[in-house]
Amino acid sequence: MFQTSILVRFGDLDAAGIAYYPNLVNFLHEAFEDFFVGHVGRPYPEAFKEGLGCPTVKVEMEFLSPVRYGDHVDIDVIVERVGRTSVQIRYEGAVGGRPVFKARNTMVVVDMASFRPTPVPVWLRERLEAAMEPAGGR
Amino acid sequence: MFQTSILVRFGDLDAAGIAYYPNLVNFLHEAFEDFFVGHVGRPYPEAFKEGLGCPTVKVEMEFLSPVRYGDHVDIDVIVERVGRTSVQIRYEGAVGGRPVFKARNTMVVVDMASFRPTPVPVWLRERLEAAMEPAGGR
Amino acid sequence: MFQTSILVRFGDLDAAGIAYYPNLVNFLHEAFEDFFVGHVGRPYPEAFKEGLGCPTVKVEMEFLSPVRYGDHVDIDVIVERVGRTSVQIRYEGAVGGRPVFKARNTMVVVDMASFRPTPVPVWLRERLEAAMEPAGGR
Amino acid sequence: MFQTSILVRFGDLDAAGIAYYPNLVNFLHEAFEDFFVGHVGRPYPEAFKEGLGCPTVKVEMEFLSPVRYGDHVDIDVIVERVGRTSVQIRYEGAVGGRPVFKARNTMVVVDMASFRPTPVPVWLRERLEAAMEPAGGR
């Protein structure tokens, strides 16, 4: 498991003064990028420039409580499954301990030159597996 | 069922030249707004100004095929369930007949003054139910 | 001159319930895309795919009056100058006749393969010049 | 003068793989928010909730060099003028010392209840003036 924190900006808000939910979906990608820097040990932009892409093929997200301007959303990043060419990650967001969202995102690893699925590279697989919960976890 | 079409703009794209998936999540809300104008018979902004809010509590979305710059995404809006204070809608997107996404969104109807759930107003319930599939539908 | 109209969506709003100004900057690009379809006679996405890019090098924009949810913003697109490799366009936005913004945008035409300036193609120059105001215009 | 640094995220990019310019306009607001926390000594969201709004009435921005994925944009925030109800701020962005943009933004201070201009509060005026360049500055 890895944790990061993302600040809610003015541009994330909607007319109700809370975070607009597609912008919270964007937070998942930002948490994924932070996970690369903080856990994988390599910025995702660098891997992306070398041809590694991770398009999302499925996302499920529940919004449990409103997220407001200036909130710091603490996001747990938990790898649930590493397949041959796909990765499933769970994200749990909280503000000051209050759960605000939980999400599950499935990505396919692609070679950006062809945009076709490619096996998860070994260096990435190892780090992804290290972020999986131990058997018997919640 | 109701159908609308949304044009993919430059600002919707990512560095891979395809629509960035949180922007496609935003398309669901745009389709919902078009559904109000074209099917409910009343612009959502008007209802919103009078205090009706519809925050999303859950979204599930599958991305079936890339969506590209300049694509017109045809979106079917199918009401699946109208509860006392909630509404579940299915969205199916296609480009030139090729399915590109399918999604299910659950919203809660709230009174914007209190941001608390409130029963779906009668005028809205009637129009929502008219957009449900007949029993025996797919 | 060319005119288009862009609808203000929920995702364009800020916490004050009016359009967030960077989203109105995005409207300039959307108006530029509509100008291609409606005046140049060729979708910009098509030209973009063939390697024509138009990055903005300068923008100036004044916000004259609030833009609200559900507003249709009528945007005049007036070409002010066509240089060898650059184009300057003025945009004037109004809602129901009330001016809401005016802007001036300078773009450089680039070859996307090298991202270096390239002369404005003849087919485009002709159509741009046709959208200039006559001498003696306002 | 105050300086902050903003990371370029995947969602900021366009199809050319560089930051889409309206997203860089959004960076100005983010830098303004960081200026509140780091220099004014009070989060802007807090002031906003208490009724202080700062809508932009004019922005001018020049894009000097491409901003890429993963770049940390260092942004100088220089207050140029504090009027009775308005504030003019200059922003200068650089990546690793290479200038990427410069901008000037004029905001009007409003009372959010009425959305009408209101004098810049004393506590804010003092901190704004402390971020002005000394006479004889560049």
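As written, the chains take the letters A, B, C and D, and residue 1 is the first residue of each chain.
Basically, contacts are C-beta pairs under 8 Å (C-beta built on N, C-alpha and C of every residue); 3 or more make two chains touch, one makes a residue touch a chain.
Small disclaimer: the values here were computed from a predicted structure and weren't measured.
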item: Per Cα centroids, the chain farthest from subunit B; value: D
item: Between A-B and A-D, the pair with more C-beta contacts; value: A-B
item: Chain centre separation in whole Å, for subunit C relative to subunit A (CA means); value: 34
item: Separation of subunit A from subunit B, taking each centre as the mean of its C-alpha atoms, in whole Å; value: 24
item: For subunit A paired with subunit D, centre-to-centre distance based on mean C-alpha positions, whole Å; value: 28
item: Subunit B: positions in contact with at least two other chains; value: 10-11, 15, 22, 26, 29, 48, 69
item: Touching residues (chain side subunit D, partner subunit C) in the complex; value: 15-16, 18, 21-23, 25-26, 29, 48, 53, 55-63, 66, 112, 115
item: Residue numbers on subunit C that touch subunit A, as the complex places them; value: 10-11, 13-15, 17, 20, 22, 69
item: List of subunit B residues in touch with subunit C within their complex; value: 9-11, 26, 29-30, 33, 43-46, 48-49, 68-70
